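You will see two complexes here that share chain A, one where it goes with chain B and one where it goes with chain C.
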Partner chain A sequence: MTVRNTRNRKRNRILRRMLECAALLSLCLLSGCWDKLELEEQAFVVVIGLDKGPRNTVEVTFQIANPQIGSSDIGTAEGEPPSDTIRFTSSDILSAKELANTVITRTINFAHLKTMIVSEELARDEIFPHIAGAAIRDPELRREVAMIVSREKAFDFIMKNRPRLETRPHKYYELMQQRWMETGYVPFSTLNQYLQQQVTDSMFLAIYATARQHNHRVSRHEDAYLAGQVPKRAGDPVQMIGAAVFHNGRMVGTLTGEQMRWVQMLRHKASVDAFITSFSDPLEEDAMVTVRLFKNGNTKIKFDLRKEVPRIHVTLPLRIQLLSFTSLEPYATDPEMQRMLIKHLKEQIESELLEVIRLSQKKFPGDPFEWELFARKHFMTMPAYQAYGWSKHFKKAKVDVKVELRLENFGKQRTPYMQTKRKEG
Partner chain B sequence: MTTRQDGKTELSAQLAANLERLKRDFSWPQNQSLVIRNLVVAALKRDAAVLYLEGAADIEEIERRIIEPLVARGPSEFKNADPLDVVRLEIVTHRTGKAAETFDEINGDLLNGWTVLLIEGADRALLFETRGFESRQVPEPIVEHVIRGPKEAFTESAAFNRSLVRKYLRDRHLVAETLTIGDRAASEVTLMYVKDLADPNIVDEVKRRIREVRTDAVTSLPLLEQYIDENPYSLVPNALHTERPDRACAFLLEGHVILLMDNSPAAMVLPITLWSLVHSAEDHYMRWAYSNFMRIIRLLALFVAVLTPSVYIAVSTFHEEMIPSDLLLAIAATREKVPFPALLEVLLMEFAFELVREAAIRVPTVIGPTIGIVGALILGQAAVEANIISPILVVIVAITGISSFTIPEPSLNVTVRITRFILLFAGAFMGFYGIALALACILAYLTTYTSYGVPFLSPLTPHYRSSADMILRLPVHKERIRPHNLNPRDAVRRPERKSKP
Partner chain C sequence: MSALQEEKVGGREFTSIFLIAVGMKLSDITTTILFDSGQTAGWMIPLLSLGFMLIAYVVLMSVLKRHPGQGLPEIVFAIGGKFGGALICLLLFAAALLMTSVTSRGYVDIINVMVYQRTPLYALYLMLLAAALYVAHRGFAAIARISWLIIFPIEGAIVLLVSIMWQDIDWLRLFPWLGPGPLKIVETGLMHSAMFGEIILATALVPRVSSFKAFRIGSALGFVISSLKISFLMAVYVSVFDYPEIIHIAYPFQQLTKNTSFGRVFTHAESFFIAFWLLISVVYFAFYIYLLAYLFGHAVRASDHRKLQIPMAGLIFFIGLVPGNTEQVRSYWELLMSYSTLLYGALPFIIWMLDRIRRSRHDSPQHPQPQAQPNPQANA
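Take a look at the complex of A and B:
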């Protein structure tokens, strides 16, 4: 009896072992592996261009990085270009991705897509929100992709963009994105923001760019340009300045680089902390004063929404460093003149801000300052806010702007030499 | 010559018969190891014979302390009547001396280096401890090398090792129990523990397992470790070998048990936890911040050693979006001319690295240095140039290899190397998902693993009170509590100081 029991137990144990092994094996065989793809079997799309095609189609341009150029000394392939650009006409981005494999030997991968360039023509078209929305159904396509609106066809833009200092296209966009954050000439715009702000009352601002020189004009304000207007010679033809304004997913207008900067400042939290700009000199008509502006805390926005014409009070704290003034007036030594200068700058900034606000009230169907987020707080429920209709009221609103300006210093020098001497004397 | 009831043969009163029996037992004269020196005890006017095993006994000691007094001492008045007592108490000047009645006892002691004195007319023999096995001088530690701290290491002599332990830990509660294992060539195992610290259950458990060993001969500690291991198939070690007496004492003071054996230049520490395996001897000789810095480095190295190849495979074949674009393109560019999939590449390189490592251990020391050069040159540079592997793999395998060298314990080192392959396959099958699954399984296993009843990850999990000497350590003055996972009989290292100095 006992012998049989032991034998049974032994057999059971072996059976269990075999079952365990089978389970483990099936785990290996039934799972994973299909997504597996070696790096060199994939083509990494760095830039996507979108143009309007015939009969509700889109022309999708892929710029595919060639890993063998400029990345590693060992794997270099002589004579190959750093990237390949191909255009397909298709109903949307994802079908174009499949179609691309009729030409490209490797699996198209969007995982390293940095930038999406949309032609102004398509951006203003009613089908654009659908095309952009459908694209992100592919998990590979990241929402952090930067969105740029080009004045000409995206295909031309990509073809013309030949940065001199960067061989590889992804590096160009990576570096440009960092510069955008610093100068504030263009908004920080990603696909994610575009999708988010489709459903809100604020407007989405996208980077505005062109690879073509439009009307070459020289402004005394170095930043009052749209893309294509920047006076420059030689170099890469691409310029990025100003913003394309979107409402409900469609482009409705543009902002110049200067306006863009003030919009950034008027937002509660600016994505740009400091920029250099210039104003006219209070004492001399033709002379300019160049200053570096810092945002000195968050913009305070107060609403009075009880009346039919809402009132909005905006307080913008700013710090400035005086960098240069061509009038050569003794601002540094004379406190009286400094006070005058500050007053003058303050008035100028306030008028520029008001101009931007007035412009957006007049020309755009919503507010680009994201004030909507603060206006919402004045309503108990979301339906109450929606019933109020922020965009409609914003257009009528009376806005006053107050700038709190502090002159920090005259550039590098802490105290002017003359003042130090006077104190000692 | 009579055989007793317990099977042991008693000595007879005739010297010749006794000698004959011993010669037969040791296959004399074929076996020249048994040395028989006939002499006459002048004081008693009797024939006698001194026997010892060449190599086992210290010849000089025998000559000076035993033979010389026996021969030189003339007849005189003796206090004792029994000739054996006369010789033992009044003639021989050797520090030991005991009487034996059976041949079994004599044979055993002869093998351990004792000297036998047979006297005509006496039916007992006198035994003197004259152990003189050849042994090394106290060497420097080779494996557990430290910059700061004692530079003494255990040798192959258990008596010597015991004296080293006692030198470092002068505590009257330090107990050295001797157990015998093996049927053919019985060997002695010394079990050392501090009686008022070590948990009696652990001590009993260790003793029980040693007694249960049923085999001919257990010649050294590493073999004994495997005989008394409760999970012989497990990848995780169950005991720790240290060649440093100071480290052995540190373990004794925490309530661990150590085993010593002849022919093993190490002490085996039982039970162990993961922490004892990853700590180094130096951790407590450096100041708090320094040793924690080293511990963090070693911890990171442990993760690097376990995970790097699998993470590389997972990232490069499943999650390419995680690699920065520049690196991605660089890898893709170099991979373009490589004919193998990334997994095979890693396996090739890992295999080559394991080859170099194994070869470096097995190769005679004279040609040892060439292995390193050949390995580095051929495997790295040449393989890349021949487009067999991509350059990033040299970096990955090298960093993995270097990291695995920082793991101080050789058993854990092998564990890590094997685990790396398991994770590598998991990563190649299912990417990060697979790695996470495999890691979860490994963690689950480690939490259930025990060493002599002590959970392997304790006192972290399951949690016990301790001085938190695990991943990091506290300054020494705060390490007051002994780890409670060992159930020490004395919980605190010393009474709490009332006021700060």
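Take a look at the complex of A and C:
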């Protein structure tokens, strides 16, 4: 009797344990109903475009990726385009997101949004800081979204941007982002930086792009172009070069690709560390010297703010690789000529840097070089710094630039071909 | 199982509890509130606050040393009598309860705003507290063991987070280094010392720790490292987001995790960090539920304080739901902080004085040397 009783009790206990386990397991299965996301029911927006609409509204363009393209599931989606583009007019981005579901069958999701395109018209409008500031409240919208300013309407830009070599739109921007970092023609601008540098004493630079060919001109310097001016034929219509300059959250001007590169060099931490550029040849008027420039450590910036007119000393350590020179002078083998070349390049870089600095002092309301960080170092407290007014003082500052240049190598050819010829002649 | 038979906790487990419970503050609304008044110098405030709190702690420790094997409630009852002891215990309990409620509400708000926007607040709250209650119910030793188990992965995750964000950090953004001015920083530091109030509350748990030495080293180490950690992470937040922007951001830690990515393929690394964060919030609140039940149990001389844990969790839940929105949580937090700073700052001195008076009254006629109390190391 007692044996049976204990056995029964044991069985009961096991049964109870199992029931408990089942209850706990069901918790796992039944929970999460409120915020559940069905992967199949998501529409991932990869590019968002913003235009100015009538009566303080925004025209929001969504480019929605088709996840079936470029995956193994392509068989069921034959004939579907890689992405769909739709525009809505709404009071802000988030309400446009819901409005989009009047057309789109799936839930609009910003989790994979990588790029935001803003038309120049809207960027210059006073409403823009409000739109951008309001949109960031949505946790789905990441601060790491790249920000591009297009010269034409963002909708036209997105519609025209059909890269031939990249089927999927997100891949296009992902790869472009890598190229931006390499070439330095455009600033690497994110929404995070935009929001950070919305304060009075700081300037923000955004990527400048267009899908339309503007006044096409040829410059001797291969990088002195704005978006739309690059001399190219055929290929994708979109070009990204230069920067849109923002102050207080509104666009106030532009910088060419060349100027942008020097601005990056003048910032103490550059997002680009090497680029190829050309200078005039010291010995031959028409010839060009093409070099690869490396930033050799951080730019050193020294301030003297004691006087009313601040003095700024900038030291830029650079190293260069000589890639080609059309004059075909024997720079590689002649040490005297080398010294001359280095001196010449140094002077050229210094003058170009100074030109950019003067231009921004004259044209812009603040400094685009992030020098306010150095100015801040000279103040003990925030109120003291704010009372000083850095932008005001920057505009009248005396700046001198010193370039420390080291010529590393001359490429894989030692002596130029023409050298022998010329000696014969 | 009675409270007295509970397993004692070793030094390293005890230290890791504080590394978690206090270090957690780097991820909640504490940092946002400190940035409001601390600006670019916000990172100094945790260090100053701890400095102020350590003074009170040292005073309290000098009393504890004379009462080996006894925790704060026992001492308070011994020197304050039945009524005074219960009063002080209840005061501490009330401060801790309100703080826990507001803090836990802050956590639920973070989960609600940053992760599950459509889930009702009460459901998130219930789930968090249920998990914490489950851990708390396993006893102090269980909380300690879990803390010890997860402390290394957690510290590792923080190191990983900072190293991923390293290239976005620009230390120049910490200038002007005095922020709003030295006076304001010291004032804010003093006013917010209660954020390390746990160092006073923790003394209640002396009997739960294997030795007094382990308690002393564990609590001091836990608090000093945690405050350094909070301070460092606050400096990282400013140097990633920059000054005026940092005060616009509601939850800097969660924002920082949102900005991370492992290379180009894994771009949404925040879920990795959020998982860790949720895990430690459960342990964090388990510790609090345990502590609250322990304090209240001693105040009312309950035989088994563990039975009080469920009501405690219920109280936290209902008080936590009182604030209407996230900003109200913030203002309640601010208010509580200044009042409890007064409590945590003054209490050790009051206890010390009462202890002195009692000793001089008790001991002077019989014993010529009142200092020669039993060796504090005796129970080690």
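Simple rule for what comes next: the second predicted complex is superposed on the first by the 375 of 425 C-alpha atoms of A that agree within 3 Å, B and C clash if a C-alpha of one lies under 4 Å from a C-alpha of the other, contacts with A are read in each partner's own complex, and residues count from 1 in each chain.
One rule holds in what follows: a contact is a pair of C-beta atoms (placed from the backbone, for glycine too) under 8 Å apart; a residue touches a chain by one contact, two chains touch by 3 or more.
Just so you know, these numbers come straight off a predicted model, no measurement behind them.
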item: Touched partner set for A:A23, first chain B, second chain C, both or neither; value: neither
item: Which superposed partner A:A387 touches (first chain B, second chain C, both, neither); value: neither
item: Contacts of A:H268 with chain B and chain C, given as first, second, both or neither; value: second
item: First (chain B), second (chain C), both or neither touched by A:F379; value: second
item: First, second, both or neither for A:A234, with chain B first and chain C second; value: neither
item: First (chain B), second (chain C), both or neither touched by A:N109; value: first
item: Touching partner for A:A65 - first (chain B), second (chain C), both, neither; value: first
item: First, second, both or neither for A:E40, with chain B first and chain C second; value: first
item: Touching partner for A:H170 - first (chain B), second (chain C), both, neither; value: first
item: Common ground on chain A, meaning residues reached by chain C in one complex and by chain B in the other; value: 31, 35, 111, 142, 174
item: Chain A-facing residues of chain C, complex; value: 39-40, 113-120, 123, 127, 170, 172-173, 175-181, 241-245, 248, 255, 258-259, 261, 264, 268
item: Interfacial residue positions of chain A with respect to chain B in the complex; value: 28, 31-33, 35-40, 42, 44, 46, 65, 67-68, 71-72, 74-77, 109, 111-112, 114, 140, 142, 168, 170-171, 174
item: Of all residues in chain B, those that touch chain A in their complex; value: 316-318, 320-321, 325-326, 328-338, 341-342, 384, 391, 428-431, 433-434
item: Contact set on chain A toward chain C in their complex; value: 31, 34-35, 111, 139, 142-144, 174, 192, 195-199, 268-269, 373-374, 376-377, 379-385
